[in-house]
Amino acid sequence: MDNILDQYKAVRKLTEDICAPLKKEDYVVQPVVDVSPPKWHLGHTAWFFETFVLKPSLPGYREFDPQYNFVFNSYYETVGARVVRTDRGNLSRPDVDDVYRYRSHVDQGMTRLLETTELDAALSEIITLGLNHEQQHQELLYTDIKYILGHNPLLPAYTRQGVSYQQHDATGAYLTMKEGIYEIGFEGTGFCFDNELGRHKVYLHEFNISKSLVTNREYLEFVEEGGYRDFRYWHAEGWDWVKSKGSAAPLYWHEVDGKWMHYTLSGLQEVQPAAPVCHISYFEAAAFAAWKGMRLPTEAEWEAAADQFNWGERWEWTNSAYLPYPGYKRAAGAVGEYNGKFMVNQMVLRGASVATSAGHSRKSYRNFFHPQHQWQFSGIRLAE
Amino acid sequence: MDNILDQYKAVRKLTEDICAPLKKEDYVVQPVVDVSPPKWHLGHTAWFFETFVLKPSLPGYREFDPQYNFVFNSYYETVGARVVRTDRGNLSRPDVDDVYRYRSHVDQGMTRLLETTELDAALSEIITLGLNHEQQHQELLYTDIKYILGHNPLLPAYTRQGVSYQQHDATGAYLTMKEGIYEIGFEGTGFCFDNELGRHKVYLHEFNISKSLVTNREYLEFVEEGGYRDFRYWHAEGWDWVKSKGSAAPLYWHEVDGKWMHYTLSGLQEVQPAAPVCHISYFEAAAFAAWKGMRLPTEAEWEAAADQFNWGERWEWTNSAYLPYPGYKRAAGAVGEYNGKFMVNQMVLRGASVATSAGHSRKSYRNFFHPQHQWQFSGIRLAE
Amino acid sequence: MDNILDQYKAVRKLTEDICAPLKKEDYVVQPVVDVSPPKWHLGHTAWFFETFVLKPSLPGYREFDPQYNFVFNSYYETVGARVVRTDRGNLSRPDVDDVYRYRSHVDQGMTRLLETTELDAALSEIITLGLNHEQQHQELLYTDIKYILGHNPLLPAYTRQGVSYQQHDATGAYLTMKEGIYEIGFEGTGFCFDNELGRHKVYLHEFNISKSLVTNREYLEFVEEGGYRDFRYWHAEGWDWVKSKGSAAPLYWHEVDGKWMHYTLSGLQEVQPAAPVCHISYFEAAAFAAWKGMRLPTEAEWEAAADQFNWGERWEWTNSAYLPYPGYKRAAGAVGEYNGKFMVNQMVLRGASVATSAGHSRKSYRNFFHPQHQWQFSGIRLAE
Amino acid sequence: MDNILDQYKAVRKLTEDICAPLKKEDYVVQPVVDVSPPKWHLGHTAWFFETFVLKPSLPGYREFDPQYNFVFNSYYETVGARVVRTDRGNLSRPDVDDVYRYRSHVDQGMTRLLETTELDAALSEIITLGLNHEQQHQELLYTDIKYILGHNPLLPAYTRQGVSYQQHDATGAYLTMKEGIYEIGFEGTGFCFDNELGRHKVYLHEFNISKSLVTNREYLEFVEEGGYRDFRYWHAEGWDWVKSKGSAAPLYWHEVDGKWMHYTLSGLQEVQPAAPVCHISYFEAAAFAAWKGMRLPTEAEWEAAADQFNWGERWEWTNSAYLPYPGYKRAAGAVGEYNGKFMVNQMVLRGASVATSAGHSRKSYRNFFHPQHQWQFSGIRLAE
């Protein structure tokens, strides 16, 4: 889509389409701190455009409601909050209709801006960032909706239509990559996040990397052969996590009358042996690899080899911590808080998942989460 | 109302009338553990009639949904929950429409029962208990709705019509009660809870008790003269509570530009000096009394004197712990869990409040909460 | 002992005799917040005499070390602490020898005072309070030493000599007390704590009270018949306590190869069926009574009947919350913090235990602890 | 020292020499979870030789006390503990004399073994590992003793002799390293840990690295210009750490009457402007670097440049997460738990400190701690 207004409309519409199957009540709850209420995602992505685009750049723009600033701001301490502090999951107001009105108000402003203004480079860049930001929240909407409904005792389906998962079996095939100097990092002219910049050389030693993702069948062997009960496969912190959480299988798996079921966006279903395992923490991915006598690839290995295998079904945990590339510089101002300040205690995931918006990811994309997180559509690719 | 079906309809309707001003989103949230979502109150009071009346006593009654049993059961461990455990505040389903359908289904059953059945004493008793139970939840709906909206940064009003508070000023008048034997506990033939039964004699020493409640004007002096900063007025656990919570005024009070405002069901308003102070914990009530060089009455003193003063605007903290009367026996079965198991670590409140349903309370009524709780419409009557 | 100097010397010596079997290392540790290191008890009881007697009343008294004031003060916030805050269980200094030197310094001051000064009533009273205070800490030394050694995996004995426990079996005999007016509270001319004062009338209804304490044999039936697994016998908060703590027997009981053992001050020994059960929380005492279809006595019932049964082997949980007697007034100043500020959320125990210093307790004595505490030598007497 | 028995004796003696200034009480306490009681370090290092050398390899060796196995085992769940679980900081027994007797017993066994046995490679290796392990605990003894005494309100000195710190001022000089391929990892024939093995190539881009450590003078500027109050310099988790801990200066620094003092092993002293800053967390090191507009070096950069600057006064935080080198393999058995299982959520420190035992560290040594830890003698070297 070469027209930015069309792009804007398409991205914004998709966000709302994702929420269409929800009931108003589903928009409100926040069962754990990492999951945000859908209402909040809708408001926050509008707030981004209002704050970074419309207020500074659209003459005569009227702020929708000054109080929304601290309700939907994910970045800053709630400065200016005179009376009460806020807590995302306990907010029944602004209500869902208000939030859609807010989005509509912002959309009108953006349309007016995009129809009437010659965008300079900076403005164009921040709008593109806003669209990529909204696409990230589209994926979070899927993961958070799944968490909200999948932790409800009625296990309601998000959609009866079914969300298609590609069937595929493990081929067992490995790719051998030769020792030498490789270049990684973003290359080209399109959009990328600041954390991908600074394309640079790395020296890799010879390694093998699997052409396919680990399947449920393979992971089930690990489960059934006692992988969750043997400390030798786990990091010390991973073992603490297993014990304190009582983990014995991936998130959303339930053993019902001796059969392994899992909650999907279409409701509770039997685990499909040939599908790639999903909703795995880094701790589980690393333990599985250790049990196999293998390891996870580093992010440089992954990127160097990525053209030679299919990826995009699961975010793939790497064995790389999320750290700055050589020469990394934070952007100035609030936007500079986007990535750099999270560069500690998180692990990099590469690829994309079935929940990632089309065209959003790329080979150099660096996703990152804490090692205990399972609620993303995350899986495993082995290396050695 | 002498007809039990009319009574039933009136009580059930009032519950839904209380919820009428809410938006769907307001029904869902649970900002702290003691506050339940309105949706839960609606479902739980229907569950009571379904479980203790309809399922055992109405031939052919069809249970609305077997899963509602553990969603709306406040009493038991969630037995039978095979797959996931539940958490009141994180439940977007059953949704609000479902819950009203559930109530309607139960109401149809109850109407059929009451129109066609000659009630025996046991059935009559459990239905009356159910109605009193629902009236308790009517008051909790007011307190919980106030908490939900009063902790939202937008401070939305529950109703624009205004909730009238009787104005009255402290008279300073005290009543002297003579030393001697008094009788307390329920007397008469109507309904009461098991914890009021066992009317018995107590020996009271001479005491004075105020004819009026402590006003905001008086309480404000305590606030402004440093009552919250001087440990000498507080129980040791009360002082810890003040420090850890940073308390410096009653719940819902906010000092805005040097003026004391408080959140009411009609929104943020100026504190009225002549109104009785409200939303006070036992710790605060006891500290205020100590600052005055006085004390709170015991529940026996309160009941002995209650015919000689007006009560009903605020639940009045007493200096009595919630303990069984001589000869107290728990009822058999699940209903026996109603009161007895809470008889530790809670303090008795007497009277009623502006949020109590008409006719629900009586002189012998024993309300009880933990000493730190403020979200009830609770106030102070002094004694010495 | 009619001479106060002799009394002083005897009490002080007993405290040190209790500590004589300890190793230096035992003086230091604090395994849980309610247990204080023996070193702290030794210093704190000296600090009491230094602060409330010697500094105000002995001309020329030289404070041992100004910093000890906040190390050994149990009452106040650590005012004056300029550099670092303290934590009883992490203090290796002052070391044990320093603390004994501190005690000796205070003893010299007290001896000089008592040999040279005509005591006025106020001074006499505070010294007597100090001795009773030290006797309370003598019992705490036993309970805390038992906790420290009894939670060490080596289960070392405190003394090989054996601590004698009177053998006695349940007689099953009950005493019937007639309905009527009784007087309770301290009577006489000796020492008592402020919480016992205000002898007053209470009206009691007829009740039966056991002439003997519940034995291990009886309690073991409760354990073995599933008392800890049936929520019906427990307060709601008691049931939470059982589940979160995993309690299944009294403190210090261990099932070893199918036999019930318990840690005693002489080391691990078999549980003696005929001895009164010990180290019971209020929650356990109340649950046991409910299982028996009986109840615990109130403190007024206990005191009214106490002349007609033997007591003194176990602190006996009553079903009375710790609250002020009619007309209770706190003493002025720091000493006034002794009792009144604890009058919430605790239950009264009556009697005395095998660990109580001879002559320290009396019929009107009101001991008090939170309902979950087990580390005192506490037991059960039933009533109905 | 070419004789392994002499080496053994020298290392073991140094451990005890470090403890010589302690009082018995100092051996026992554990103020925070990361700090172990000195008694535990003494026992644990003896347990290492008993468990991995004497029991498998010395015929006729008599275990000192089978219960010590779970008291002094840092690695495993306390299997076999039948009666009570243990907690390092609450153990008054085994007492200090017992622990020294244990060490002496082990030393006799080791002497007998080393005097009578021809060591094979495996045995030689494990003994060398044991000595390096003990040297690591020598440094931990210093850091833990400093923490124990430095958090005591009396701020007692460990030694009056003074621990000499080299004075040196920042030169401001930087070293430029050329882009290209470097090799890192252990090289040579002596001892190293498994995490240093797998010498491998890395590709480095041109960088500058400081020839000297950041001094107190420089760090003080950061403190006084508000570095701890400006979120922009901090990782998000670092900023949470600052706020929750209330950090405003390095560990052990106290502002006393307007002057910066710090606790040292010789007691409280003025902060010396020219000494390298010490007791800095990774969060602080990274924030300081950001404030300077610079960054921390990676561990590969550090190692590549290390021959060209002086190091050894402070452990130097790098911007590298602790992760396996290419081809890293855990050793088999219990010893394999030494390093690999900690490779998540920790950052690498390079160099050595004034508290490191002579000869213990080397250029390829990889030390690692969590980013919030301050109690090591850690400092900052800048890069860009």
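Going in written order, the chains are labelled A, B, C and D, and every chain counts its residues from 1.
We take it that a contact is a pair of C-beta atoms (placed from the backbone, for glycine too) under 8 Å apart; a residue touches a chain by one contact, two chains touch by 3 or more.
For reference, the UniProt names are A, B, C, D = Ergothioneine biosynthesis protein EgtB.
Worth saying up front: this structure is predicted, and the values here are computed from it rather than measured.
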Target chain C, source chain A, minimum contact steps: 2
Chains adjacent to chain C and to chain D under the stated definition are none
Quick one: point me to the chain whose Cα centre is farthest from that of chain C. A
Centroid distance [mean C-alpha coordinates] between chain C and chain B, Å: 37
Between chain A and chain B, what distance separates the C-alpha centroids? Give it in angstrom. 44
Rounded to the nearest Å, the gap separating the Cα centres of chain B and chain D is 57
Among chain D residues, those touching two or more other chains are none
If I apply the definition of touch given earlier, which pairs of chains qualify? A-B, A-D, B-C, C-D
Would you tell me which residues of chain A are touching chain B in their complex? 23-31, 39, 67, 70-71, 81-87, 89-96, 148-156, 254, 256, 268
Considering the complex alone, what residue numbers of chain A touch chain D? 77, 181, 200-203, 205, 207, 231, 234-239, 282-283, 286, 295, 319-321, 323-324, 326-327, 341-345, 347, 371
